[in-house]
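Each of the two complexes below includes chain A, the first together with chain B, the second together with chain C.
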Partner chain A sequence: MHNVLLPFVGGLGQGVLLFLIASGLTLIYGVMRVLNFSHGGFFMLGAYFTYTLARGHVLPAPLLVAVVVAAGLLTALVGAITERGVFRRLYSLPEISSLLATFALLLVFEGLGRLVWGIAPLSQPQSPAFLGEMHLGPVTLPSYDVFLYVVGAGVVVGLEWLVEKTEFGRMVRATAADRQMAALLGIDVERIFLAMFSLGIFLAGLGGGLVSPLIGLTPELAVSFIIQAFAIVIVGGLGSVRGTLLAAIFFGLLNAYLVALRPELADFSLYIGMGLFLIFRPQGIMGRAGSPGELAA
Partner chain B sequence: MIVRRMLVLSALFALAVPLAPSPSRAQGTAGALKIGLIDTISGAYAQVGTDTQHGAQLAIDEINAAGGVGGRRLELVVKDEQLNPTATVQALRELQSAGVTITMGYASSADCLAALPVAAQNDMLVMGSNCIATALTTTKFDKHFFRVAPSDTMLTSAAAQFAHEHFPAIGTWDAYAPDYVTGHDDWTFFSEKLRRLSPGVQTGKAVFVPLAAQDVRSYVTALSSDLPADSAKSHGLYLATFGGATAAVVKQGKPENLFGKFAATINVGGSEPTAAQLGADFPDAWFVYDYYHRAYATAMNRRFVAAYQKAYRDAPNSWSYEGYATIYALRSAIDRAKSVGVDQIIAALEQAPISTPKGVLHYRSDHELAQPVTVFECKGDASAPKQYTCPHWAAIPADKVAK
Partner chain C sequence: MRMPLGAIVAAAVLLALTLPHWANGAQLFFWETVLIQMLYALSVNLLIGHAGIPSFGQAAFFGIGAYAVGLASAALPPIVLLPLAMVLAAVAALAVGAIALRTYGIAFAMVTLAVGQVLYTATLHVPVLGGENGLAGIDRGKLFGIALGSPAAFWYLCAACVGLGILALRTVHLSPFGYLLRAMRDDPLRTRFLGVDIRAQRLGAFVVAGAFGGLAGALFAYANQIVTPDAFAWVRSGDPIIMALIGGMSTFWGPVVGALIYTWVTHAFAEVTPAWILYVGMVFLFFVVVMPEGLLSMARSLRERLSR
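And then the complex of A and B:
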């Protein structure tokens, strides 16, 4: 029983972290139809901003959380500037153009990371309060994983509320469905794009900040999670936040169980998962055949 | 479809970086003698290349200040191979077209393996400052290759020797290693040598982790979940990661007190920069690698450490040492050969004693440098100026790491 539950706990933590990275990606695609390859660059900025704000020091948990949120907001600010300067020009272009432009932007962020923070790996220490464990019957949960579950749940509930229950959300959905009609109805489409892009980039920065105490920070962080994040967004159904959550948890659990039971296959978990979905449900978990990419919480 | 497009585009970007060819010029007998340093100067492992460059440049400055080699100044020509065998071959061809026949550096074994056939075809010398794959001096042997760093077999052999001598109470060794051929082969070699030295010792669970994995919590759980209650006394950890992979396992293993569950950790291939990166978070671990600046009491080492600290405001590490030692090995050979011809240098390297900060060394017939391997203990210490200390070190003699 213990051996069955352990990978579940680990996989869930892994999945929630992947969701936090991928959620902004799907949000931006869902509204603006831009495949934002530079998302990894914003993720990297979030991690580095956290390190810079914390000065690489050990912080108490509430302060570390505040720093991570501040890093997310700073990243969102960079995102807003980028939206005005670069992304706005991409909305009417074919996907291939936005893919090339955002890939170029990714390289720019990577180079910027090298210029500002250097090439030597940096380390943001974990807060002591997050180094403990919580016991739930036979299962031991790392405190930080529990915190990540809470953040993940908060993001899902928050986005669902924003998109489904608010006036702003109705305008976002209308814009995502038909931006020309939305504009004719008096919706300020440019402002909607700016707000949703900044929100998506805030989530990328938040993901980077949350991952910073777990790994060594290098500029290559910009590319290290991006393929996984894209796979999750595709499997989840392009534009679906709930689908992204399910896909992220699916990939997290698949990897954790393969590590525990068939370690020789664990390295291929991403490809195995994608292969299964491409064969049996190519539109993704929450996607609808023939109409991919509609924004849905 | 989208992923496929992205991958194709990424590959095109990687391949489409044009490097302008240098003008062709033969390495003559007049002017500066150029040595090509092909190493990773950018990217995640840029510290390998930059530190190698620092060490090499320091040696060149010293040699030039003393009159050069055979009256000629030495000059370093640096090429960034970006840890990419294709870029390595491109850099080698550029050097060849510029008339540079002596090359050094090479951050990874894949780079050395890619460069060697091209170098051999064009009669160029490859001084493998950093690359450690044993195949380069065995199955892939070519007379144009000489290794400066110890091979992975020598490192693993030293680790087993050290485990046998210093941790006789440990009955079982578990492994956490990168999931590639060398990671598997080295663990097998370590296990076999340790069992030969200490027949009662067992090998336990081996966890192999993908090279690019950042979230390794599942692997940490897989390693620690089967440990017995007394593992802190009876089990040792063979850790074969380096750089970011070590940072990930240290940070993500901390909630589970992973390293506290082992009586000792031996990190083969890891080095001081990893401890510097993690600072107070770094667990108590023994690095098994090429060099530690306090481990050698030779006059040349004292001079090297002092000069390096003055030039770069830090103590030299293994890569700095390898750059420095490579240049001095070349100087010894050219002095003996009284020529800069590649065949003459090869013949001299095979015979000449090589002066290095580790002492006077000799190349074996397989072009492996017979040398000691360094073992040193580092651990995080929040009260120390660098947030870590390295209180103990030892050199495992060359004859004990040869097999």
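And then the complex of A and C:
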């Protein structure tokens, strides 16, 4: 029983982390139609900001959470500046040109990471409280995984509420559907773009901050996570938050079970998953990116 | 346009013939790298610039060519192994393209990126491929009884292969097939109305580009005499795109100019700072956003404006 459940627990936590990165990517694509290669760079910044704010010290759990949120906000600030400086020039370019431009930005961020934090791995220690376990009947859950579930659920609910239930969300959906029409109706499209971009980048920074106690921090983080995130948004359907959630959990679980059952295949889990979808459900890979109004669907 | 091109090609050939007489080993190696990058960037630009197929996974075929040489250099001479590497890369491109071309646009870019990453990951796990250390001690062998271990002899082989490769790609570019690719890029729907099987033509372009990517990889392995998983790394798919963009994607010779500039600039920056990737990224960004037409197109439109 335990052999079946254990990968599930860890895989779900990993799925949440993947979702945090990929959801920002899909939000930005859904509204602005820019597939953001540099998203991984912001993820890297979130992880490094957490390390710098915590100065690599062991922090009690509430303080670590506060530091991670602060790192996410700092990353969002960098994102907002980047949006004003670079991204707004890309909205009118063809998709492939903007993809190349954000690829260039990814290189810039990786270079910044090397310049500021160096190429040697840095490590942010985990809070003692997050190293413990929680018991739910017969099931033992690592408490950090439980914390990640809560964060993931909070983000999903928060995004659904923001996009579906609020005035702001209506304007976002209108902008995503037809930005010219939305602008004619008096919606400040530039402000919507700035807000949604910053929100997406905040999620990436938050994801980076939450990953920072789990792995060694190097500038390569920028690249290693973006490929996973791309696979997820493409399988989930570009622009769809729910699809992204399902795909992230699918990839998290697939990886965890392969690690447990067929470790020699574990490093390929991403590509196995992507290949399966491509062969059996190519429409899942295409998503419904062209259709309007599916931002949160 | 015709006259200066002929003169430049003649000068380049002359330069290639005399280079070993006045360049040292390190300089020869640098120029071999430049030549290989030129061929590689041309192969990528056939897809992205001319056929409008956004492949982010050309490293897959570069790596297959390189590893073919790494595995078989002791058994086969370069005159067999170089064409064999091309064939292997072409067959791989046929298989990858047949599946990946079911998608288009950004999804296609991501799928090709993933294919490159699969092979990169495979090199780390399959023992025959040497893991992280790769395959060292590649034997350049002999050609017509001449040992290619000497820098000058290998330089001539490398220059000849790249020269022939460029000639072949130029022929493709000026062939009806080449025009068809550009027509599909500019208006796929109308091209289809003309009765053209678009997916078959795209697959053809993918295979041709894969073959020459494989040749570039094979030459790269011979030049370095070692092949590592870096041959499959995703930056190796990105680099030639940057080169093509700098030179001008809509032109034939753009990638050649871009490869020269890019290789030289990264070489210069990498000696000074570990954060060279930052400056490369900034230059690249400048070209995408401010000068997306690239240097050659800029030069052309400038000349047209002056002659008016």
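The definition used in the following text is that the second predicted complex is superposed on the first by the 286 of 297 C-alpha atoms of A that agree within 3 Å, B and C clash if a C-alpha of one lies under 4 Å from a C-alpha of the other, contacts with A are read in each partner's own complex, and residues count from 1 in each chain.
We adopt the following convention: a residue touches a chain if its C-beta (ideal position, glycine included) is under 8 Å from a C-beta of that chain, and two chains touch if they have at least 3 such contacts.
Quick caveat: nothing in here was measured; it's all calculated off a predicted structure.
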{"item": "Three-chain arrangement built on chain A, chain B and chain C clash or fit", "value": "clash"}
{"item": "Touched partner set for A:L112, first chain B, second chain C, both or neither", "value": "second"}
{"item": "Which of chain B and chain C A:P60 touches, first, second, both or neither", "value": "neither"}
{"item": "Partner chain(s) touched by A:G158 [first = chain B, second = chain C, both, neither]", "value": "neither"}
{"item": "Which partner, chain B or chain C, touches more chain A residues", "value": "B"}
{"item": "Touched partner set for A:R89, first chain B, second chain C, both or neither", "value": "second"}
{"item": "Which superposed partner A:S97 touches (first chain B, second chain C, both, neither)", "value": "second"}
{"item": "Which superposed partner A:L35 touches (first chain B, second chain C, both, neither)", "value": "both"}
{"item": "First (chain B), second (chain C), both or neither touched by A:L270", "value": "second"}
{"item": "Colliding region between chain C and chain B, picked from 3-11, 75-83, 147-155 or 219-227 after the shared-chain fit", "value": "3-11"}
{"item": "Contacts on chain A seen with chain B and repeated with chain C across the two complexes", "value": "35, 95-96, 99-100, 103, 107, 114, 119, 227, 230-231, 234, 267, 274"}
{"item": "Chain A-facing residues of chain B, complex", "value": "2-3, 5-6, 9-10, 13, 42-44, 46-47, 50, 179, 207-208, 210, 212, 214-215, 217-219, 221-222, 225, 243-244, 247-248, 251-252, 254-256, 273, 277-281"}
{"item": "Chain C residues touching chain A - in the complex, by the definition given at the top", "value": "48, 54, 99-100, 102-103, 105-107, 109-111, 113-115, 117-118, 121-122, 124-125, 234, 238, 241-242, 245, 273-282, 284-285, 288-289, 292"}
{"item": "Chain A residues within the chain C interface of the complex", "value": "35, 86, 89-90, 93, 95-97, 99-101, 103-112, 114-115, 119, 223, 227, 230-231, 234, 238, 264, 267-268, 270-271, 274, 278-279, 282, 285-286"}
{"item": "Of chain A, residues touching chain B in the complex", "value": "2-3, 6-7, 9-11, 13-14, 17-18, 35, 37, 56, 58, 95-96, 99-100, 103, 107, 114, 119-123, 125-126, 130-133, 142-145, 211, 213-216, 218-221, 224-225, 227, 230-231, 234, 255-256, 259-260, 263, 266-267, 274"}
